[in-house]
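Next come the structures, one after another.
Two complexes follow with chain A in common, the first pairing it with chain B and the second with chain C.
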Partner chain A sequence: MGKVIATRLARLVATLLAVTFLTFSMTALLPGDPVNAILGVDAVRDPEVVAKIRADLGLDDPFLNRYVNWLGNAATGDLGQSYITDQEVMTTISQRLPVTAQLAFMAILMAVILAIPIGMLGAYKQGKWQDATTSAGVQVALSIPNFIIGIFLIWLFSVQLGWLPASNWNRITTDGLVENLKTAILPASALAMTQMAIFSRLVRSDMIATLQEDYILAARSKGLSDRFILLRHALRPSSLSLMTIIGINFGALLGGTVIIETLFAIPGVGFRLINAIYQRDIIVIQGITVFIATAYVVINTIVDLLYAVVDPRIRKG
Partner chain B sequence: MRRKGLYRSVAFLAIAGLIAGACGGDDDSAPADTPEETSEEAESPAEEPAEEPAVEAGDEAEGDVDTAIEEEESAVAYGGSISVGVEAEATGLRPWEDTCSSPCYNMMIAVFDKLVEMDVNGNYVPYLAESLTSNEDFTVWTMTLRSDVTFHNGVELSAQSISDMFPIQQAGAAGSSAIAAANLVSVEATGDLEVTYTLSEGGSAFPATLSRAPVGMVFEPAAAADSEGFSMAPVGTGPFVIDARDLDNETTFVRNDEYWGTDPDGNALPYLDSISFRPIPDEGTRLDALLSGTVNAMQTLRQGTIRDARNARDDDGADITLYEFQGNNVGGGMYNVLVPPFDDVRVRRALTHMNSQEQVIEALGGTGISLPGTQWFSPDSPWWSEKVAEAWPKFDFDGGVAILTEYVNDPERSDGKAVGEPIDVELSCPPDPTLIASMQVVEQLYTASGLVNVTMTNYDQQTHIGIALGGENGFVGNHQQHCWRWSSDDDPSVNLNPALAPPTAEIAEAIGLPGVVSPLNFSNWFSPTAFQAAVAATKTDDFATRYGLYESIMLEFADQVPVYYSGHTATAIGVESNILGLNSWHVPSGDLGIGFPNAEGRWAEVFIDS
Partner chain C sequence: MASLWLVLVVFGAIYAKLDTSWFGGALPLQDPNFQTNGFIRETGEFGTGQPIEGMSGAHWLGTDAIARDTFARIVHGGWVSLVVVVVSATCGIVIGGFLGSLVGFVRGRTETVVMATVDVILAFPALVLLLALVSIFEVRNLFVISAVIGVLSIPAYTRVARANSLAVSSREFVTAARAIGTKPRRILFREVIPNVLPTLLAYTMVAAAFVVVVEGSLSFLGLSVQLPTPTWGNMINQARRDIKINVAQVIWPSLALTLTVLSLNQVGDFFQQRREVRGSNL
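Our next item is the complex of A and B:
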């Protein structure tokens, strides 16, 4: 087991190095001078001011020097300071991560709650109208971009029914849980739809396979009810790949909420990333991108390790 | 001779019927801030009724955006809180440092006062200042501050405060630029409340500098020592005090109980208990937020959103009021005149004739909202000229084709192509859907002529600007036909002078002005006569003279066509219909303020009608 962990961690470090280098390279290749964004167009008339800011920010240093300096600082947790707001990037992330994490968690939770019965129903009624209906519904949910779902939800629940706010975020710490949930439920629902579709297809296909196992036939021959068999004997073995994909998608959602956060004006990591891109705030772009990539890689590694714990064949392999 | 109330005199003879009429203002509402200024103005020959036919307003288009600026008739009420949806988060709340656009300005104006404001007639008038006068050549400006004004942290405002702000502004990204543009070299406290500004080169439009955030917004200099902390907890003298700042979510200000300002009836301001601003970048969501009551007010700078809000109000019965404003800011673009074939005026004229403003405005969603542009001033502006409007090359496809054919068949054509070959045009706009639609209109028209090969490109805003700026090639830029916006409701010199100065070092040296290079001359068009006119306009406060100079520049634009226009930028602030007072805020003299240009509200006199 120790060897497995060591191997995974070595891969993790290598992946992170590649991610940071690629991120740094791509942001360096972005057209547009960050100094323009800092000063505004009206201010570029003074070359001395521009030169001073470039020098202060180290923008004139060779690319590799900048990368190595940045990497050295990042290794100690210092992702730098925003060109525009002067705020530390780690502070920016730490303030916004709970919001994005809550959204991702709620989306996954809602998706799982919906996906399991839908997937089970499709598997249990395989080939029948119930299966066809749920499959069609899942296909629709998978096909519609989540921002379209978000726009629809705003129109229905905010403008027409007036039940929920259309935008922004009430914080648990200042507004309480109920008010927080009022602002979280629409964006989380928009995110959940696609996840639900993916999860339910996975549950359905896994459960169809499970239901053909000998022990299920044995259980049926004992006269156990279908409901009991489905919940007690079929669901657990059908959930292994679901657990894996939940972990992976949770990591992906940490960086995948950009559009929904922007649509609903949710002050999460993605919303800040979009603003940083518009502002050419390269340090923030780098910091957040690397953070998201790191989170994704770390979560995947944890999932891999858990897999190894759960399944001895992987551990030995 | 000392000139008092200089800029007010400038505009005094201006605008009379025009803006006042167009905006529902009052011709008699000229500022009377101090008795001596008033009397000085009365003696000024510039104040003679200007009988300037050229300052008459143009006809208003059907569906024109034009909310009346007028006294509110409902009884004001104290109390209540409102939230305002703005299109983006403020990058910061440091006037000297942060490049401030409309959303940020809405927040800053809640917490900071400006030394000078613009009134309904377009005059720059004292605000936190009590008076502002200059010497004859406009190099020394003397300002007297209001007394008994305190900052939010209890520190009393004094001339020394203004003087102490100066080094901070000099070191700031936004401030240093504004200071350089104004040729401001020193700010001294010459009395307890008297401040002396010294300029290296006189400028009659200096009050405009004091009306803008980087130099004109007053902050507590000692509090600014912690720059980042100040951005989160700004300290000004304004009507509201920062209460909480949750970046990218909500910034809340509460009533400043010690505020110095009153309404014309002597009631203490502000009326509201608190106001919060929420950045909602998506236009549709922001409007939905207003319609659903998530926010009580919202701003927009998009014609399409104004159209949707009108539909919601008129067709769906939404209980909202739209405060719409047609500003000088005008969309369109430019030709890089240092790049063939745009170095030939025939090409520029031809392409402009072949560009249908009406269709472009329709593609932009501005039909019935946005007035077609012919100059840097909207018909509501005192600077608008009918002569220029008539001179501007109108849509005339066949005429354009004829001119372009002449160029294409010219053996000496500047692009070096063979006779008869189409010209190449790279048409570039930021990747906004409506801009792309407008590009497609232009591309189809050009292509239909058979004389133009059009390549369309889209780069994000920062890249788009960078391409036109051309920092790496001596500010020539790498653009050809490039989408752009022109002008603002500031004094014309603010935008025009840098756009007319020599664009490159070579040109500056050639005309004997080495070092006078403006990277902000994006079209790279240089005309000695236009440049001299622009400079001359900053050496006088006589409106008629200035008007004539700016008209001559605009006429040269119409003839040489370095830039072209689509429509003027309509903006709006939408509010729930029980929120009043946005169009009836006042300057300290009791006259009405300018209103809400660029969707920038003044919130001190806003109240909730109970």
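Our next item is the complex of A and C:
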């Protein structure tokens, strides 16, 4: 077990180094002088400001020195500061992260809760009309981009029915849970739909395989009810692959939150990233990208490790 | 059904492109950027079109917020998706396919280096990396967008190609070719790559569906090709602002985008299933 953790952690560190290096070198890819990109080409040139930015970014140092410096700062939680809003990138992220995390968590939860019964139904009634209908529905859900789902949810629940707000965000801390959920449920559903489709496909195919195992036959011959067999014996092995796919899909989910937060004007990390891109606020783009990528890599490692904890075969191998 | 829709979209996109760039708009399809309520210089009068019209004989799918023909914009919108898909598939198959086949065949240090690079790029959430890269460019035209998406497509293809190349390279006919002294280069090009290609082509469909969604998302965020070039994503984004007045203008481009992704997924599934069946028969 210790050895598994050690290799995974070593790999984590290597990946993180490479990921941060790649993100950092994107600023070096900027055509022309980075100062131009930060100030805008048309900006009035105050030599003092230019000199300050050059010094801040250490632009006169060699590239590798700059990277090491930046990495050292990043490791201590200093991702630099926006030249447009003057806010520390890390402060921005820590203010907005709870919002994005809540959305992502709710989306995964909703997706899993919906996917398990849908997938089970498909597997249990394999080849029958129930399977055909759910499979077709899942295929369609898989093919609708999440922003389109979001727009039509807004159209139905905000414009037509007027039940839920079309945009904005109420915080749990100031507005209470109910108000918060009112603003969170539509964007979370939009995010959940694609995930639900992926998960239920997996549960279905997994369970079809499991249902052919000998121990299911044994359970049947003992006279256990179908319901008991499905929930107790057949569902459990699927939870492992479900866990893996949640980890793998987390990246897509983070990408999705960027779009969905923009669509619903939700003050999360993704919306800030898009605004930074519109304003060409390089420091913020770089900071948020590194943060999201790091979060993604770390979460995948945790899922990997959890997998090893749950499944003894991996622990030994 | 699925392939029929894809053929329609591809044909429409090419037809629309030919119309504007070769025939100067002489072919029977309306100008996607013509405002039907705009000032007409020749007559000195304003056009009679209305913004956000419903379906009619003159405008099959109505008009958008500034009275442009929606049907023409949807047909033209397919062009951007088509170019992005073709560029990404070409980059993926040619570069990714070659790299993957190569390292799966020769193994060793080359494999370690290439796959480590691939792993790092795939360690990013795809859309976030794409957004960051796209934000570097001040001018975003079709060339830049398809080039960035094309380059980012390579790692996934490399991984698929390598997995298949590993399997193929351990098969009897490769061993046989080695035994009779065939040069490695010849084995790679004559034995390994031809056997990796079919799987890669099946994967292309699935990748294309992803690429269409990604370009649509970029367009939707206003970070793909610049306006007024029509894309399904930017049409959806423009129409959603008037969703309280008219939902139909959101529905048409959404339908075009969704049907395309659905069709690509179905065709991809079909090919992959056939590959598996064929693989199991061997």
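What we mean here is this: the second predicted complex is superposed on the first by the 272 of 317 C-alpha atoms of A that agree within 3 Å, B and C clash if a C-alpha of one lies under 4 Å from a C-alpha of the other, contacts with A are read in each partner's own complex, and residues count from 1 in each chain.
Rule of thumb we're sticking to: a residue touches a chain if its C-beta (ideal position, glycine included) is under 8 Å from a C-beta of that chain, and two chains touch if they have at least 3 such contacts.
All of these numbers come straight from a predicted model, not from anything done at the bench.
Asks: Return first, second, both or neither, reflecting whether A:151 touches chain B, chain C, both chains, or no partner chain.
Replies: both
Asks: After superposition on the shared chain, which partner residues are touched by A:86: those of chain B (first), chain C (second), both, or neither?
Replies: First partner only, chain B.
Asks: For A:22, select first, second, both or neither according to whether it touches chain B, chain C, the two together, or no partner.
Replies: A:22 sits against chain C, while chain B stays out of touch.
Asks: In the overlaid three-chain picture, which partner chain does A:262 touch, first (chain B) or second (chain C), both, or neither?
Replies: Both partners, chain B and chain C.
Asks: So in the superposed three-chain picture, is A:280 touching just chain B, just chain C, both, or none of them (first/second/both/neither)?
Replies: Both partners, chain B and chain C.
Asks: Touching A:143 in the superposition: chain B (first), chain C (second), both, neither?
Replies: second
Asks: Have a look at where A:13 lands relative to chain B and chain C in the superposition and call it first, second, both or neither.
Replies: A:13: touches no partner chain.
Asks: So, does A:96 touch the first partner chain B, the second partner chain C, both, or neither?
Replies: In the superposition, A:96 touches chain B alone.
Asks: In the overlaid three-chain picture, which partner chain does A:162 touch, first (chain B) or second (chain C), both, or neither?
Replies: First partner only, chain B.
Asks: Same chain A residues contacting chain B and chain C, which ones?
Replies: Of chain A, residues 30-31, 151, 154-155, 159, 262, 274, 277-278, 280 contact chain B in one complex and chain C in the other.
Asks: Which of the residues in chain C end up touching chain A in this complex?
Replies: 116, 119-121, 123-129, 131-136, 138, 209, 213, 216-217, 220-223, 236, 240, 243-244, 247, 250, 254, 257-258, 261-262, 265-266
Asks: In the complex formed with chain B, which residues of chain A make contact?
Replies: Residues of chain A touching chain B: 30-33, 36-46, 49-50, 53, 84-87, 95-96, 151, 154-155, 158-159, 162, 165-169, 171, 262-267, 271-272, 274-275, 277-280.
Asks: What does chain A use to touch chain C in their complex?
Replies: My answer: residues 15, 18-19, 22-23, 26, 29-31, 139-140, 142-145, 147-148, 151-152, 154-155, 159, 250-252, 254-256, 258-259, 262, 273-274, 276-278, 280, 285-286, 289, 292-293, 296-297, 300.
Asks: Once bound in the complex, which stretches of chain B touch chain A?
Replies: Checking each residue of chain B against chain A gives 85, 88-89, 91-92, 98-99, 173-174, 176-178, 180-181, 227-228, 231, 246-250, 278-282, 284-286, 288-289, 291-295, 459-463, 465-467, 469, 471, 498, 518-520.
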